[in-house]
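First the structure, then my questions, so here it is.
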Amino acid sequence: MTSRADGRANDQLRDITITRNWLDHPAGSVLVEFGKTRVLCVASASEGVPRWRKGSGLGWVTAEYAMLPGSTHTRSDRESTKGRVGGRTHEISRLIGRSLRAVIDYQALGENTINIDCDVLQADGGTRTAAITGAYVALADAVRTLGVEKALTGSVAAVSVGIIDGVPRLDLPYEEDVRAETDMNIVMTGDGKFVEVQGTAEGAAFDRAELDALLALGEKGCADLTALQKAALGA
Amino acid sequence: MTSRADGRANDQLRDITITRNWLDHPAGSVLVEFGKTRVLCVASASEGVPRWRKGSGLGWVTAEYAMLPGSTHTRSDRESTKGRVGGRTHEISRLIGRSLRAVIDYQALGENTINIDCDVLQADGGTRTAAITGAYVALADAVRTLGVEKALTGSVAAVSVGIIDGVPRLDLPYEEDVRAETDMNIVMTGDGKFVEVQGTAEGAAFDRAELDALLALGEKGCADLTALQKAALGA
Amino acid sequence: MTSRADGRANDQLRDITITRNWLDHPAGSVLVEFGKTRVLCVASASEGVPRWRKGSGLGWVTAEYAMLPGSTHTRSDRESTKGRVGGRTHEISRLIGRSLRAVIDYQALGENTINIDCDVLQADGGTRTAAITGAYVALADAVRTLGVEKALTGSVAAVSVGIIDGVPRLDLPYEEDVRAETDMNIVMTGDGKFVEVQGTAEGAAFDRAELDALLALGEKGCADLTALQKAALGA
Amino acid sequence: MTSRADGRANDQLRDITITRNWLDHPAGSVLVEFGKTRVLCVASASEGVPRWRKGSGLGWVTAEYAMLPGSTHTRSDRESTKGRVGGRTHEISRLIGRSLRAVIDYQALGENTINIDCDVLQADGGTRTAAITGAYVALADAVRTLGVEKALTGSVAAVSVGIIDGVPRLDLPYEEDVRAETDMNIVMTGDGKFVEVQGTAEGAAFDRAELDALLALGEKGCADLTALQKAALGA
Amino acid sequence: MTSRADGRANDQLRDITITRNWLDHPAGSVLVEFGKTRVLCVASASEGVPRWRKGSGLGWVTAEYAMLPGSTHTRSDRESTKGRVGGRTHEISRLIGRSLRAVIDYQALGENTINIDCDVLQADGGTRTAAITGAYVALADAVRTLGVEKALTGSVAAVSVGIIDGVPRLDLPYEEDVRAETDMNIVMTGDGKFVEVQGTAEGAAFDRAELDALLALGEKGCADLTALQKAALGA
Amino acid sequence: MTSRADGRANDQLRDITITRNWLDHPAGSVLVEFGKTRVLCVASASEGVPRWRKGSGLGWVTAEYAMLPGSTHTRSDRESTKGRVGGRTHEISRLIGRSLRAVIDYQALGENTINIDCDVLQADGGTRTAAITGAYVALADAVRTLGVEKALTGSVAAVSVGIIDGVPRLDLPYEEDVRAETDMNIVMTGDGKFVEVQGTAEGAAFDRAELDALLALGEKGCADLTALQKAALGA
């Protein structure tokens, strides 16, 4: 039998910590930890919306994801120094933005913009799902600060699942992630619906039964994370 | 009852055309058409591999996707002129590359690189899935040209599915795509396994039953496309 | 005696094909072929003009040229990926723009902009002259679509000429182009006047007699192309 | 009499916290806090040196400084997204690098490179001086990790000083910094010598007596910081 | 009768000054003046050639052209600050490089590279032709400095000609250049052959008789410049 | 005793030449020479101010510094070609701008912008201090041209000082600069106050006595330069 290096059950999350108000200035700021993965999620509010949305009466939410150079096992080059944002970074920024917009009522937000910045301080697998999970809490704090709680129509959380040595597992750390045959990120609302499902065969293609097993694990993980978000927000 | 503007059944593909050897120089070149969507897929072979892979004895396959300025309903700016490749372009290029690499045996390819270029000549929804479907055929031609047919371990095809007005539909043209509540791209091997599953709630989040319906449609569409690829390749 | 590999007379064009309405969306779209050279020329119309021209009552025409990666014998890197447009590309884009503006009445165009995109699908010498010749036809279709036929004051066509092994020749394919001692591109109006003359000594400098011979060939070639443009436009 | 908003004496530092090993992967990682200013300083070691230094037997130390978007009172745009590193960022990165290289013996370091990354998590004035002070501690940990303690020939610390309402003050928070007539950053070694002196008249030019008063304050502040660095390193 | 503002005959050059050794470091440095147009032409020699030419035994000559911000009537933005080199700059750099390479024997040059930098200090029309004319003299000095005089197989000079108010004129200053109906740049060798002919109809297209008149003027101007180059070089 | 290669006393400037109106178009243009160091300083005036300053009634002064490729002993690459402005260039541009703004009354300038361009034609040490010294004279000419002499509240000059072989010296040429243990740039107003003090230990850190000696030398050098500026301006 293959068991996990950190002793977890296959359907068990890593230790999750959600620390609110980690910074002094922004409308919402959360340090979220999924095991050793540590992401700083900041929600900054500003008046006005991008040009293409002006005069619509609707707000906007956008996100940017980045990794600090020292967050990875081997130092990564800075994208500012390279002069261009890489494809992976773009992809994750877009995913975070879409995920949060799924629970936003633009009308209730009014012509305000909320920028979500998710900066990975330490990476150990699952940075994008930790980012979404933490960013939701920062966003919830930001809409309270702005006095527009109604702009939030629900909650959103995310988790990674994968098949390692033929076994479906929840919330992969780096050492499992690199060995996964299939890797899936699942984003769900607090009431158990899907916002994003992104599965990739890293090694062999996967069949429908494997896909179903991964979806079930993801549903379980997102439900657990939703409970932790509620607790953190004191709701 | 809501029926489709082009008269198709909900589980029916658009007219698919696959034209091989559309150009004279490259190892493989295919013009693929999904209805009005027209993508030129070119596979160029070159000796050698990227630096990080040298001396491994293994080959490499990579892909780039782009849209011609005049391919869209309203002209789009050129990314070369803007000086940076956008997030959507990066994301799709990466998806195409991963999808094709799922059916490549790097050992059999030897230290050669195949560049796949998918340039959208006309866009009417589903450009990324048309690109994957056509690129597989160009790749098959390229490995024949190189005399390394064994480098191809299977076939791969892709299709979009979505929920429009509550009804799951296969292979969305632009006018359905913009109205879809949920949009999913499915990439499968010729033997019916999943390579990529990417579902996004554009409007409301979707439940497990809707997800299952979309997956079933995708399986049907990919199987149909696999048959068309086989016919095009004279297999 | 040195004869041409493709059996043409020295003052004979390659097979020229001009296919109008090659795409569905743009105001004008033409696939032009000079032998194996294939260029997609698209004219997109939009309301308004660049900032420096606003309020003048005058229109604007601008052009961009690019080569698809797979168009060349050996794959070329994408300029969008390199993050900068090369000198040759800039130079040809500017040449196409100037050539077309020579037959435009800005007053009659009104404050509208026509973007000309010339994308080389397959390159076999003479891509810039094919682009100009095809772009004129796309432009003619665009002004008709806009209902401002009067904005076009004449026609324009272009051809390459060169000296190979001491013999002046018309419309050089790639294999002649690389061997040419002198290479000249000539752009002329339909009534036989010069818009651009660009001659370059690739090998030895050329004398006045050689220059005169090349100009005569160019006049002949542009006249032939003008006739083909007229036929294509059904005029 | 003008007293400081936070009740400090004019020659008193803010509360300084130096937390070592704040991350798990890098050779050295320090979270340094000067009041509300919080900078993550990471020293990553790698074998080899830049090309221009290869074969010299000498090592290299280089530094990069950046601010997280949410670190400032109003969110700042990301330099990676803007595609270029700003002048202020360049300037500070260079200052940090020079300051640390002042206490490095390249021979003892051997052909290894240490990258110092100073990322500002929260900015409240004095980010560059906090960065240098913390980076020295991260560097000290890194040379220990590498087993080349001898590569460090001394210690280095930095502090800002300025004249506010005519009064020289030590270690300016943001609210004092913006009001300063003169602003000076002083970098000194642990044995009381100067590495960098950078004074700027923000408002009126300053005379020699004012300059002398600022230098004296800086000497005092750097001596205090040196003691805190020693304590943190358990020396 | 329309006469020239500066009193010159239609076939007369402006006052031409060629000052050699204007700088201390480079192998060749020339300040060339065509009336108020002032261009600094520097030829720097270095060992080695670009990668694609290594091991061939052949040298290389390349050129870069730029305008200082203050050289134009209204200040121009710096291309380094804009982060990209414009099309006009690229085009002129390429023209200068080709023109000089026309008189280079790569074999005699050996595997050395000569970089030609032409920086416009003051612009008053004809900057590219002044640059070519001056750069040849800087190049002649550089090959002497290198002791490879045989690498130069001839001389090269350039001049602008144009039709203003129907009259062909030689060597246009800015005020004539902006009014020219047709503008032509002619590059010729010292023995009277053509290297480049670039004619553009700025206003009306031009006929063959006008073209012939311009070519004759250009031949006269280049011959005069050749004599001035010889005098400057003391030959 | 160590004496200077060029025979100067340790507190003596190189030969300084200030040539006004070196160009025809700009509001102010000065060629300044510090020995072999030659910098062209151009002040261009334009109506209006940057967006963040509009409607304030206040003017703006900004500066850009650059080196021509051929100005250095070995040719330097062009920053426009590299596509990014380097850290050193940014740093010096910012220093020049700050130095000149120290003597500007924005109210008196009105909503006008003066761009200062300092282009190094030949570099032999001290290019930034020569640039500041010359730019002040160009600025003085520009405010006269604009008829807003009152916008200038004083004068500003700059000089480099350094310790070579233990001896403090004024105005270092390149060969002294590269050998300096400590290098300091001092910017002062005409009435003897400091605007900028930037000292860097290139080799060993320096003590307070050395710092004082350098400051004294800098005060002497700036006073001498102030006299030369006055003479040049005929004041």
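Going by the order they are written in, the chains are A, B, C, D, E and F; count residues from 1 in each one.
By our rule, a contact is a pair of C-beta atoms (placed from the backbone, for glycine too) under 8 Å apart; a residue touches a chain by one contact, two chains touch by 3 or more.
Fair warning: this is a prediction, and the values are worked out from it, not measured in the lab.
Steps from subunit C to subunit D, minimised over paths through touching chains, total 3. Minimum number of contact steps separating subunit D from subunit E: 2. Its C-alpha atoms superposed on subunit F, subunit A is turned by 120 degrees; the angle is given in steps of 5. Taking the mean of C-alpha positions as each chain's centre, the chain lying farthest from the centre of subunit A is E.
One finds 51 Å separating the Cα centroids of subunit B and subunit D. As a whole-number value, the distance joining the C-alpha centres of subunit B and subunit F reads 59 Å.
If each chain is reduced to the centroid of its CA atoms, subunit B and subunit C end up 33 Å from each other.
Within subunit D, contacts with two or more other chains are made by residues 83-85. Annotation: chains form a contact ring; the order from subunit B, going to subunit C first, is B, C, E, F, D, A. On the subunit F side of its complex with subunit E, the touching residues are 23-26, 29, 36, 40, 42, 44, 46, 64, 66, 68-75, 78-85, 89, 115, 117, 119, 121-122, 124.
Those residues of subunit B that touch subunit A in the shared complex are 84-88, 90-91, 93-94, 98, 102, 184, 188-189, 192-201, 204-208, 211, 215, 219.
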